[in-house]
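Labels for the chains are A, B, C and D, by order of writing; each one numbers its residues from 1.
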Amino acid sequence: MSSVRGRIEASFNAQALMATLGARLVHVEEGEVHILLPFADSLTQQHGYAHAGAITSVVDSACGYAALTKAPVDHEVVSVEFKVNFLRPALGRQFLAIGKVRTAGRLITVCTGEVHATSEEADSKVVAIMQATMMNVRRDT
Amino acid sequence: MSSVRGRIEASFNAQALMATLGARLVHVEEGEVHILLPFADSLTQQHGYAHAGAITSVVDSACGYAALTKAPVDHEVVSVEFKVNFLRPALGRQFLAIGKVRTAGRLITVCTGEVHATSEEADSKVVAIMQATMMNVRRDT
Amino acid sequence: MSSVRGRIEASFNAQALMATLGARLVHVEEGEVHILLPFADSLTQQHGYAHAGAITSVVDSACGYAALTKAPVDHEVVSVEFKVNFLRPALGRQFLAIGKVRTAGRLITVCTGEVHATSEEADSKVVAIMQATMMNVRRDT
Amino acid sequence: MSSVRGRIEASFNAQALMATLGARLVHVEEGEVHILLPFADSLTQQHGYAHAGAITSVVDSACGYAALTKAPVDHEVVSVEFKVNFLRPALGRQFLAIGKVRTAGRLITVCTGEVHATSEEADSKVVAIMQATMMNVRRDT
């Protein structure tokens, strides 16, 4: 698993958007990856909450890397499509995006994701859920 | 329509994520809004293309503002959910996100979106399509 | 809860499509509903498996009725939209569709669904997962 | 194209669910397929409209067959996933499901679909829109 963790860290560090948003890779295990996004003023929509696009970006990456833990070593993963429901306003000190593999095939991996908002005042709440289709592609093709 | 354009510009300018990504509001008409995202190194995924999350962020905002052109004046629009298909790698000099209203009800507005990539070498290509559900919410609730 | 179960049974029995497909309501609890669809030759796609549309029909109803267990008494539930991933061919003796409420708001309820295929030869397998948006509508409007 | 039409007719006739619902294949061209579903009492949900599942079944098949017009000759098409928005109650004498290819790759084809309801009293109305991911699979694998 350490080599998978290394591959995912290297790939995550190459995703400039994650640095732009301030997101950090915090957990990698077989079939599950967590990405943490601290709230920042640079991420808001017009009401001061985190923008749906910022929330979606981190849970897409979490699902993609969860899929990568199941992909053949000489393959990358790309997002074919995803769908996200926003369950409540993305209000909180930080957002934890959790991506999990539901089924991993030779070509297609289906993942589900959740984004949990945490704050000092209240228990963590799920602000978004994702259902995503990822595809393995051979590296350098 | 000028007051709608004004409302949308004000709201867009209050979406800090749009400035963080470098996106600009370029067109507003009844039922249709365009947002332009120039490619930047800060937006990439691990292969150097624009990250699916950046592409999704601008087309979500384009759909949301298209919905807002149809909403009652004392209402805002929030994203209930959306689904995006990524048709090819998001490669290009700039990305034009087009959001259009399909049906606008009292509470729910359904939009479709497209993101066109343009470059110097080739015709513009659609890199992503969205189908989104937006909801009108009374302001200050 | 007994009155909710009664309302759901009455509504299910009024859904002629469920009888056409041969589906049966088998479980109702707060926030969760199960519908069973025995395999039949009348439900197939071209390879002899259950058609994606038949699988979708029962899990849509399961999600809708799960949402109804959380709706105000004078309201009905309609499907705003849903998304389904098909994880493997729908092969089995019978299919159990499970709909669960993730969050129930005043107007919008978000549900997730699964369809489990069972056969004599193997353990049950999840053949489809759904993420659905349901809306409460006042009865007789 | 005549051989494609023949392949699609043969496959459609092998989809028993289409006969169970009363659906007919009415148009095939490169990248676009139409399926007609006359309203019937056997298709209803609890308010007497056509059930979302019946509407979804025909537009899924229309999208799948549209994808098949673009698939290599020795391949079949399966539904990876789809998402449907229901724009208004499915009320009408008949429903015309139109599936169109947006992009066809070697493995993955992305389609959009619409279902138009027609009645004697009013112009036809779009009652549902779909965004679907189809996959080419080699026959007999």
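To be clear about the criterion, contacts are C-beta pairs under 8 Å (C-beta built on N, C-alpha and C of every residue); 3 or more make two chains touch, one makes a residue touch a chain.
Keep in mind that what you see is a predicted model, and the values were worked out from it rather than measured.
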Chain separated most widely from chain D, comparing mean CA positions: A
Higher-contact pair (C-beta pairs counted), C-D versus B-D: C-D
Rounded Å distance, chain A centre to chain D centre (Cα mean): 33
Centre-of-Cα separation between chain D and chain C, whole angstrom: 21
Centroid spacing, where centroids are CA-atom means, of chain B and chain D in whole angstrom: 28
Residues of chain B engaged with two or more neighbouring chains: 80-81, 83, 85, 110, 131, 133
Chain A partner contacts - residues on chain C that touch it in the complex: 83, 85, 87-88, 102-103, 110, 112, 126, 129, 131, 133
Contacting residues of chain A [partner chain B, same complex]: 11-12, 14-17, 19-21, 41-47, 51-54, 56-58, 60-61, 76, 78-86, 89
Contact footprint of chain C on chain B as seen in their complex: 80-81, 83, 107-108, 110, 131, 133, 135
